[in-house]
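Next, two complexes with chain A in common: one pairs it with chain B, the other with chain C.
Moving on to the complex of A and B:
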């Protein structure tokens, strides 16, 4: 089983059958069903606490119309965190390294926020194009810039998540390769590289959680502007 | 929703005839709500025992009779060596990545495991404690209500004494009233009789005075002028004699 550096980013197939659906749905079994019990295990209590904290953080500053998005945003953050964290294990495939998947999350949700804004309060959402207090000379340029920034948002959302995770995974692979190769040549340098790898892995764990959170946070901010 | 409909109809059909029992058994697969499973058995206090964090203790117990204490370890070592030597598992860069993520996970669990576990336990215990508090408050208030009710019952027993006292009060009031009225009546009657007496006395006095006046008048009218002159001359001579006697006495 020799691996190239990019095998981890290939969509998994088994005898020609794409396993992407399995890769996306299997993390679901990790979270226990709430069940008949009122007071369950430690894990359920922790997950419930996290969801409660997250919902409060995201939806406290939002007006009531945006609260309809609570279910989709909390499930999205849980999904992304699980996928990212599971991807750090060896020999796993991380679906969020695929740009197609991240764009599939980002574009519809962003477009939904824009359409909601345009439909419910068109004046206000168009007014977001121009920040307050700009000098009159800069207005045309600023409108153009703000429009471009509006349309770049979904791209930024998707690419941010993809790039962070792909870069992280690639770095881990590269440094692991370096340590592996150096082990037979210069063991001491290999040890140093291993230490670097350890620290990098710590960073990647943090990045995995933060990127998921940031994705959903930005979406909630766009929603706040428009709802 | 249909399962509920079937449940209800099955329950009502249970009583009638031979199909009843069959329906109950047949619909048992549709019992998805927890009502049929209460009360739930309690969750175990601790999770299953594991050795080295992943291998369940049951494996070691399973192998103990045949291979003793070192059995599972030999099995593990053998498996690993087999996979490495036959190159079923190839050592490559992923091995190092696996080692590093494994180190991160073990470090995390060892360092933060107990505190996270106690935090989760605290969450659950707080939830249970809140419910328990509600229950305790309800029980306390109900006990207090029972005590109050007993006190009220004791109070009711003294009711007859209260009524006796009240009855005495009322009788006394009536008696007082009666006596007052009697007194008043006596006074009125006396007043009327006194009036009659006074009237009679007045009559008496008037008659007396009238008679006296008449007597005086007749006496005065019977005195003739000759008699009056004589009496006046007598008085004058008497007075002169008295004067002379007094002067003589004063001179001596």
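Moving on to the complex of A and C:
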């Protein structure tokens, strides 16, 4: 039985059900439906505040056609933030460390923005391939480069999220193992390592939130270009 | 005769004759016999447990309804209150951590038993 450092990213199964299933339903369970009252409880007020701030940030610069995307982008950010933050709890599984899942979010949404752009304003969306003011000699190369950058966007979106979270979890596991092993040999170094671990965990909390936000922000930017 | 009059008096059947009991002790909701299957688990007596289990709805729909009922009860008791604290959500998360540990135990036990990491 070989154990590698990447074992934490395998979704173990119990009675044939992978832990990923439980981890994916948890944001659903955790955020409750709004009640009949205007202000139901402290928890729902907090969530409502966050959603209000987020909607304002993302949709203020966007034209009216893009406002149709409000529901999907808001629920996406809530989902991603919850998944990332829950993954920092001990023994839990983070579904967003799986590239397959992040690509499943990134590719369809990006493709939707491109298709919307091509359908509604084909000239303008094709014109994005060539920035203004390029010297005439560079035009062919630049078109190729811009096309490549367009197609790399979904890949970048998915891989960014995956890599950030995976790297964070891996670092936490490595440093925690080091601190644990050093505890019996050199306690002082172990204490220093534990301080590092604490700081790293704080960083991970920040990264979890930021990465989800960045994901959705970039999607909204792509939408702004195209809608 | 008002419609609810029969709820106000309890009629005893004796020798085929209906004898009216006094009006001072009206029939309340608590006196009506409830079918065993619809009782809550804590109200079921031990002898009736078999009947209770046999009558419950174990279809997928029934299970989903039961989960939804439980979820609503938890939510309304701990979270949907005016001055809810961190406790409601914290209990859920602690339960989640515990279940994750259970789920992963088969995988994790090798980590603990290893001599060299």
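Here, the second predicted complex is superposed on the first by the 221 of 227 C-alpha atoms of A that agree within 3 Å, B and C clash if a C-alpha of one lies under 4 Å from a C-alpha of the other, contacts with A are read in each partner's own complex, and residues count from 1 in each chain.
Note that in this section contacts are C-beta pairs under 8 Å (C-beta built on N, C-alpha and C of every residue); 3 or more make two chains touch, one makes a residue touch a chain.
Computed from a predicted structure; not experimentally measured.
**Student:** Check the residue A:82 against both partner chains and state whether it touches chain B (first), chain C (second), both, or neither.
**Tutor:** Touch partners of A:82: none, neither chain B nor chain C.
**Student:** Quick check for you: in the superposed arrangement, does A:173 touch first (chain B), second (chain C), both or neither?
**Tutor:** In the superposition, A:173 contacts chain B only.
**Student:** For A:224, select first, second, both or neither according to whether it touches chain B, chain C, the two together, or no partner.
**Tutor:** A:224 sits against neither chain B nor chain C.
**Student:** Quick one: is A:40 in contact with chain B, with chain C, with both, or with neither? Answer first, second, both or neither.
**Tutor:** Both partners, chain B and chain C.
**Student:** Could you look at A:26 and tell me whether it touches chain B, chain C, both or neither (first, second, both, neither)?
**Tutor:** second
**Student:** So, A:55: does it touch chain B (first), chain C (second), both, or neither?
**Tutor:** Neither partner.
**Student:** After the superposition on A, what does A:202 contact: first (chain B), second (chain C), both or neither?
**Tutor:** first
**Student:** After lining up the shared chain so the two structures overlap, which partner does A:12 touch, if you call chain B first and chain C second: first, second, both or neither?
**Tutor:** Once the two structures are laid over each other on A, A:12 reaches chain C alone.
**Student:** In the superposed arrangement, which partner chain does A:93 touch: chain B (first), chain C (second), both, or neither?
**Tutor:** Only chain C; A:93 stays clear of chain B.
**Student:** Which parts of chain A are touched by chain B and by chain C alike?
**Tutor:** Comparing the two interfaces on chain A, one with chain B and one with chain C, the shared residues are 1, 3, 40-43, 89-91, 177.
**Student:** Hey, which residues of chain B end up touching chain A in the complex?
**Tutor:** Going by the criterion above, the answer is residues 34, 37, 40, 43, 89-101, 103-104, 116-117, 119-121, 123-124, 127-128.
**Student:** For the complex, give me every residue of chain A touching chain C.
**Tutor:** The touching residues are 1, 3, 7, 10, 12, 14, 19, 22-23, 26, 29-30, 32, 35, 40-44, 86, 89-93, 177, 181.
**Student:** Using the touch rule from the top, collect the residues of chain A that touch chain B in their complex.
**Tutor:** Residue list for chain A touching chain B: 1-3, 36-43, 45-46, 48-49, 88-91, 172-173, 176-177, 179-180, 194, 197-198, 200-202, 205.
**Student:** Which part of chain C faces chain A closely enough to touch in the complex?
**Tutor:** 71, 75, 79-85, 88-89, 92-93, 96-97, 99-104, 106-108, 110-111, 114, 117
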